[in-house]
Amino acid sequence: MADYQEILVTENPLEVEKAYAHAQAGNTGAVNIFVGTVRNKTDTRNVVNLEYEAYEGMAIKEMRKIAEEAASKWPVEKIIIHHRVGKLRVGEATVVIAVSTPHRHDSFEACRYIIDTLKKSVPIWKKEVFEDGEEWVSAHP
Amino acid sequence: MADYQEILVTENPLEVEKAYAHAQAGNTGAVNIFVGTVRNKTDTRNVVNLEYEAYEGMAIKEMRKIAEEAASKWPVEKIIIHHRVGKLRVGEATVVIAVSTPHRHDSFEACRYIIDTLKKSVPIWKKEVFEDGEEWVSAHP
Amino acid sequence: MKLSVLLFGIARDIVGDRQISVDLPENENVAGLLNYLKKEYPSFNDLQSLLVAVNDTYAKSEHVLQENDEIALIPPVSGG
Amino acid sequence: MKLSVLLFGIARDIVGDRQISVDLPENENVAGLLNYLKKEYPSFNDLQSLLVAVNDTYAKSEHVLQENDEIALIPPVSGG
């Protein structure tokens, strides 16, 4: 694994400060951080909690690829991707992505590319548990 | 001051986790955080430290305006802007902006709008201290 | 040949197990595996998409499977 | 009328003080103040820009100044 990347899938709560600290580097002038969190509602249904499941080996491999693609498109210093799995409560962080670059616009663009691509290709699945049932997100048309 | 905003100018070190915690809200699904940091170089000159000076009352007023503009353009939940002043070392955070929104693209766009506008209009000045001299940034054409 | 297939998310709920073993002709490809599974478990036809990963990488329809491959069914992902 | 003008960043370095007092005709506007200051301190002409804030708000050239206004010179900003 290239040392500009740090990819992690974990059942432990994510810490934004830790992702930020790892993204910091001498030549960095900008760090963009995206945090996905558990919302209290989907449409009008109240979310009780979320369950995330990963095909872990492949998920890490796909996230490494995405980091490599981002590093080939923008002059990044560091890319941190921490993804939570297991049971999450409303308000908890599901994913933290931190990208450091010399100049700020690159940090925004690379970070957005990473979260957009991650949502399309990384084998992680989210089940929403409502007060009145549960559902795998996006499973059905 | 509207309670969706938290604007701060401080001589104390900035904490990313704190800005994140304040940006978190029940209906939030996404938080975008931008951190500006002191780079070790400008062009090829080594930066020893930076000094930030603010016209504090007006700076806070201008940042509130920017937050209001962002809140009128995107469906934001919270906007946090913490700006450091005083003497900073390489690697330290100069500004932390956190924007929470229900959906992720809005968080990226609002956060980028805020940092871009802040850099144009907020009366804060940066002096770079090099090994061989010092300079107010952007002062001269 | 005997293939072992890992199941995740709604695919696991549909089958009711984390892993299944299927018996297919030698040199069967990804399309053949999917056809077989969609007949055995018709609920797979209701999914928005169903992909196959071979050895931790997305595989195309024409990719030929081998007995020692690590094969996984990938229903629509929803990470992030 | 006597106006007190706050100075920041390079404007403070040019003048050598955090604040100056200037004596201008009644009803002088922002453009008049800037003209006066650029004559007194020619280095202001070398700046990329020089704006005036009145009572914590950017003021236009034609804005008329009053004795109790909080007036500040705003050289090119570089926050963030």
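Think of it as A, B, C and D in the order they're written, each chain with its own count starting at 1.
Note that in this section contacts are C-beta pairs under 8 Å (C-beta built on N, C-alpha and C of every residue); 3 or more make two chains touch, one makes a residue touch a chain.
None of the values given here were measured: they were computed from a predicted structure.
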| item | value |
| --- | --- |
| Length of the shortest touching-chain route, chain A through to chain C | 1 |
| Farthest-lying chain, centroid of Cα atoms versus that of chain B | C |
| CA centroid of chain C to CA centroid of chain D, Å | 72 |
| Rounded Å distance, chain A centre to chain B centre (Cα mean) | 23 |
| Rounded Å distance between chain A and chain D, as computed from the means of their C-alpha atoms | 48 |
| Touching two or more other chains - residue numbers and ranges from chain D | none |
| Chain B: positions in contact with at least two other chains | 36, 115 |
| Set of all touching chain pairs, with the criterion as stated earlier | A-B, A-C, B-D |
| List of chain B residues in touch with chain D within their complex | 36, 52-55, 57-59, 61, 83, 94-95, 115, 118-127, 136-141 |
| Touching residues (chain side chain D, partner chain B) in the complex | 6, 8-10, 13, 46-48, 53, 56-58, 72, 74-80 |
| Touching residues on chain B, where the partner in the complex is chain A | 15-17, 20, 24, 26-41, 90-91, 100, 102, 104-105, 107-108, 111-112, 115 |
